[in-house]
Each structure stands twice: as C-alpha cells, then as structure tokens.
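Here's the structure, in structure tokens; my notes come after.
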Amino acid sequence: MTRRAYDDGRTAAYNYAYLDEQTKRMIRRALLKAVAVPGYQVPFGSREMPLARGWGTGGIQITAAIIGPADTLKVIDQGADDTTNAVSIRRFFERTAAARTTEATAAATIIQTRHRIPEQPLAAGQILVYQVPLPEPLRRLEPREAETRKMHAWAEYGLMHVRLYENIARFGEVTTTYDYPVAVNGRYVMAPSPIPKFDNPKMDMCPALQLFGAGREKRIYAVPPHTRVVSLDFEDHPFRIQSWTEPCGLCGATDTYLDEVVTDDRGGRMFVCSDSHHCETRRAEGHHGPMLAAAASIHLVEKEDAA
Amino acid sequence: MTLAVNPAQLGADPAPILSAGDVSRFYGERIGCAGVSFDLWPGEVLGIVGESGSGKSTLLRCLAGIDRPDQGEVRFAGRAGGMLDIFSVSEQERRAMMRTEWGIVHQNPRDGLRMHVSAGGNVGERLMDRGDRHYGRIRAAAADWLARVEIDPGRIDDRPVQFSGGMQQRLQIARVLVSGPRLVFMDEPTGGLDVSVQARLLDLVRVLVRDLGLAAIIVTHDLAVARLLTDRLMVMKAGRVVEQGLTDQVLDDPQHPYTQLLTSAILSA
Amino acid sequence: MTPAEMIRVEGVSKTFTLHNQGGARLPVFRDVTFSVRAGEALVLAGPSGTGKSSLLRILYGNYLPNAGSIAIRHGGEVIDIASAPPRAVLEVRRRTMGFVSQFLRVIPRVTALDIVRDPVLARGGSEAEATEKAQAILARLNLPERLWNLAPATFSGGEQQRVNIARSFVSPSPILLIDEPTASLDAANRAVVVDLINEARARGTAIVGIFHDEDVRDRVATRALDITAFKAAA
C-alpha cells in the first residue's frame, strides 16, 4: 500500500486508514476465514475506534482493513447518504485514507451501510460492508455463548423456527420485519444486521461481496458473491417482503422500500424511497411521484427536482 | 423339573433398551455414584429411591447423557439394532439422541421449559428440531399433546409463566413425548406439588407410560410415588445401589438395613 | 412337575431379619413343600401368626424366600418366582397369577368400572366385552350402579373390597391366590364370593387361599395344608 496524499500535515500521526498494519492484517485474516465459511461468525480483536461502539465500529474496521487508494467509498445510514453518521464516517475515511467518496451506488467500490442494501442492484467487484450491532441470531433465544456455538457447529437450528412459530401464533404472521434470519449456503443461520426483510432477497446470489462487522461483539462474517441466502420460513407461511399500497411520493417508484415522512403537524404524511440516492436518480431521469410538487412547496426537495 | 425363563414370553422385544455397566461418577474425593449396573427393558418403569444426596440425580444425569461418567458405560439400543455406548459417540450425535430417542422431565419446570415461549412453541420445538417446517401441522400436534396431558388446547398461546406448577410439569411431559421417545427420565416429577395435584400427575404418567409402551426411569424420594408408578426399584445410599428388585417386594419385604429404615420411616407407602 | 400341576413349592423357608432392631431374627417356616393342580383349591390352615399370609405373598413374589423354589406354570413355560427377574414376575402376574386381598390399592381418578374392565382388556378382550363382563360382575356383587362411574377412593371398606373381588374374578387367572376375601362382607355377598371361587375352580383355576370363616372354608376347599407342620425353630 502506497503512503500518499493522506499525509496532509494534519493526520500524520495516524497510519493509512487509521488502523496499524498489524491490525489490518488480523482483520483481513478474519475476513478470509469468513469468506471461506459463509455465514460463520469469526471472532476478531476489535479495536477502539474514535467513535463509540454501536456507531458502526465493526463496519469501519472492515472498511479500514480493505480500503486502498484506488477505492471509491459510499456510506449510507438509514438508506440515506446525508445523515450525521454517514457524513461522519465518510469524512473519517476522507481524512485518514484520503478516500474518494461518492453517493452514486454504481460508482462505489466499497459501500458501508447500516440498515439498508441499495435499491440499485450491486455488481461484481463491489463490496458491501455492513455495520452489525447484534451478530448472533440465536442470542435472544439462548443466552449462553457456549451453547449457541454448539448449536451453530451442529446446525441445531430448530430454535430459530420456534421464534418464527411464536410470531405466527401471536400475530398470524411473522412480524419480524428487520434483521430477519437467513440460512447461508444451506448451512449457517445468520443475522443479516438490521436491514428490512425487504432487502433480504437482494442478498441471495448477489454478485457483490458482502462483509459484516460487529465491533462491540467482536465478530466478522461474510457472504461471498453468488451465494444462496434463504430467509427462514414455514411451508404454509412462506417468507414475504413488505409491500406498500402507494408509490413513492417523490419519484413514483413502486418497487422500493418506502419510509413514512410526516409533512406537517395536521396529520399530513407521505411515503418516500428510503434510498435517497436512488430516488434522486429516478427524479433526474424524469420520474414523478404524486406528492413531488407538494414536497417542493414545503422545501422537502429542491425546486429544480420538482420542475 | 426344568425352570426356564423364555424371553419370548416376556414381551416382544428380547433386548434391553438401556444397559448401565459399572456407572460411576466422582466429585473429587467424594462419590457421586459408584458401580451402578442394570438393564432396562422396553416398557419397564424403573424407580430410583434414596434420600437427598444419595446419588440418584447424579446417576440420572449420567444415564441421560448429560454428564459423562468417570467410569463405566451407558449403552442404548439404537434404532438400527445393537447397543450404542452413548458416551463413545460424538457430542453432536448424543445431543441428537437426547432430542429424539429419550427425554427428561426435570424437577424444576424452569430447567425443562422455555418460560417465555408459548405452550405450543414449547411442545413444537422438538418437531422443529428434527426439521418439521409446516406450521399448521406443528400446531395441530402441539394442541393434540396439550389435550393428552390435560391442558386446555385453548391455552396453546399462553406462556408457561402463566401456568400452575402442575400444568408446567404436564407441559414438560408433552414437550418430551411429542417426538415419540422410547425412554423418559423423570427427576422428582411431583416434587413441590400439592398432594391433589400430585395424584393427577401420577395418574397421567401411569396411563401415558402404559399406553405408549414407554420405558421410564423415575428418580424420587417418595416411596408412594415409586409404588404407584414403577415396576422395579433400586435403592441408593451414599452413591451405591444397596438393594434392587420388584417394587412391591423391595417395599414390603426389604432385605437391606437401609431399605428397612427407609420403609419404616413412613406411615404407609 | 406333572402337566396338571400349576404350582410346585419346594423347600421354601422364610426368616425375617429386623436389621434396625438389633438384627432380631423371626423364623416363620422351613422347608415348605407342596403342589397345586388345576381345578384344586388348597386352603392354608393353622392359627394366626404361623405365616399363612407370608407364604401366600412369597408365592406371589411379594416376599422373598430365604431358600427354595416356587415353580409356576406360565403358558407353556415353568417360571421360578423366587429367582425370576422382576419383569418375568410381572408378566406372570399379568397373565397367569392373580392376588385377591382384602385391600384395594386405589388408583387415583380411575372409576370402579374401569378398574374391573382392565383385566379383560389386558387379556385381549374387546371394549364391549370388557364393559359387559364388568357390569355383570359388579351387579352380581350388589355394588350400587351409581358407584360404577366413580373412583373407589371414597367408597366404604366393603364396597372397595367388592370392587377388588370383581376385578379378580371378572376374567379369572389360571392361578388365584386369595387372602381373606370375605372379611368385611355380609352373608349375601359372602355367598356370591363363594360361588365365584367355585365357578373359577370348576373352569380349571388353581386356588391357594386363606379363609378365617369356617363356613366359607368348608364350601371352597378341596384340600387343606396345615402350615404349623413347617414351623421353624426359633
């Protein structure tokens, strides 16, 4: 790795991409093992980072270990590129790794994410890095770590279905809407981090490499490109993703994950794409949603978008 | 005169289902249980009696595959035929057997139930463990088993924390029996229950064991429970078996000094 | 053992040892030897305390003899109750040898009718046959019909005893051991019991019994065995 423009006089005290090379090597070794055993949680020596655990330190450490001068980084938080957390993480890598950053999904080589997978299909060569708060899908059902390890080792996953059973028994359907458990490559059951179950199908046979980092829990796992990822379900209660009765209010998309936005204090509300970049791209391409003009009038979007 | 006991006359299956040979477990210098050997036959109910600390529960944990004996072996009749040393197979295989071939009803329901999972989920777990993936059929099986242990199937979605002690024990029994095990272990199944609730539970166990042709090993310090439920009795003292035989014979004509003390210490069994 | 012999007792001795009373030894009898053929009713005679009940319990496998053998004809086999494993003894009790005592061991929550039906079902009878036979014998023993579908736990001593007798005679075993069956029964029911015993014997059941009531004894016995002949030296 060449040492270059990151040394702008302000950050010289740090190694490239903040972490020292030994730590990066340790993380890369964990990543290699994770890729070799899809869905298996590999322990790693999670480091202190200059932000609190639970703010994405696992994802940041993975990104720091894999980023290079040729990479372009996109960071999304709640599907958006412009939230505080996304902006801070992007700035962190701009300063410590002199990273090129982008909001365009297709232009990114590394996408660090919390909560979402971009709507635009990912391509071979891209890497999706997830920030994972709770990597153990069995934890809420079995508190003992030694026991959950045995359950993974021997694929004793009946308990996962007990959880789904409980949901259907109580609410008539599986009400788990995010962090919905999946079976990877027909073997390990994996927590896909708090993405909506809407995004689960995007993980299946995805051409991009998917890496998961849990900083506080000190676990790394991975889904290699073109790997089967199946959401758990029952034969008579098959897995279904969320759907909405109305299109995105801004761009009119009917096939995206929508967030509810409150527009005034009189009960007004609208549904808009959670993936802000995708929505903007569609509007730039001339797609219009039914609420676009109204949104522009209250400055939810720039005037020229509404034009 | 020939005195022949022809095994063919003694039930359809001539092979024991469980065979313990010199089972011993030590806690440092102290003996948990030592030198316990016996055969258990399909359909037979064996009682293990003795006072607290006599090694009953230690022995049960060895027999049920929870704790490895320091000495001796526990062999179980495999479905394919032949006896399998349950501690010579991998832990994975042993755990699989523990979930399907036999089951344990614990003294404390908290050890045997998931207290925050509904009754239906508790009963259905073993079915889901073995790969059942049809919600409707799992639920129907759970409702059926709740009825068989005399729990109103209308309470299928209630959690065990909302159940009485007697109901929790019956729920444990349903949870274990749903997968069709051939052997059931019970550790003081009526401990901590009111006398009237005990009677109901005992009767239920008696009927289920008889109707399903189960083999059972019941640990109890209550000789009345032993007399009502068991065919055979082993009396334990300080980790060793001091007397064993037909239940009514051991209780009515005890031979060992300790058994005589035990049977005379109660008013009637 | 000749083909007609159902029970052959040889050299049976019994001494109780009370370990918790200084190891006191209570010899009961020594070297008891006799046999009972099908269709015979052997009455054990002798004053109380000579071990009649103990002998009956030894035959049933309930007490353990110190020496000797108890050969029982069980189907096509001969089984020594004194040395057979528990499951063999239980199988003999299930199919071959019944015990009629004064006391009913009450099973919680099981109705009188079901208690009496049970032996018929255990021997392979149909539900309908079991119910029919059970109702007939309960009626014959004058147990009020309103009690049939109740559990006998709350019955009087005499009522419980009649349930017990009904259970024993509804489908009589090839061998019946009988201990004081009429102790708390009135004359009418006593007569029914005598008839039941004689009917069973006439159908080939081998009977060993203890009867305090002289009249009952005389009407039932085909042979008597005085147990005092085997009195063990103290």
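Residue numbering begins at 1 within each chain, and the chains themselves are lettered A, B and C in the order written.
Everything below uses one rule, namely that a residue touches a chain if its C-beta (ideal position, glycine included) is under 8 Å from a C-beta of that chain, and two chains touch if they have at least 3 such contacts.
The model shown is predicted, which means the values in this text are computed figures rather than measured ones.
**Q** So which chain is farthest from chain C, going by the mean of the CA atoms in each chain?
**A** The chain farthest from chain C, judged by C-alpha centres, is A.
**Q** Measuring from the mean of all protein Cα atoms shown, which chain centre lies nearest?
**A** It is chain B that sits nearest the middle.
**Q** Centroid of chain A to centroid of chain B, CA atoms only: how many Å?
**A** Computed value for the inter-centroid distance: 49 Å.
**Q** Would you mind pulling out the distance in Å between where the CA atoms of chain B average out and where those of chain C do?
**A** Roughly 32 Å, centre to centre.
**Q** What whole-Å value do you get for the distance between chain A and chain C if each is reduced to the mean of its CA atoms?
**A** From the centre of chain A to the centre of chain C is 79 Å.
**Q** Any idea which chain C residues touch chain B in the complex?
**A** Answer in residue numbers: 1, 8, 17-20, 57, 61-64, 69, 71, 74-80, 83-91, 107-110.
**Q** Which chain B residues qualify as touching chain A in the complex?
**A** It is residues 91-92, 95-96, 114, 117-118, 120-121, 124-126, 128-131, 133-136, 138-139, 156-157 of chain B that touch chain A.
**Q** For a test of understanding, state which residues of chain A touch chain B in their complex under the given definition.
**A** It comes out as residues 141, 150, 153-154, 156, 158-159, 161-162, 165-166, 168-170, 233-237.
**Q** Would you tell me which residues of chain B are touching chain C in their complex?
**A** Checking each residue of chain B against chain C gives 1-6, 9-11, 41, 44, 199-200, 202-203, 206, 228, 231-232, 245-249, 252-253, 255-257, 260-261, 264.
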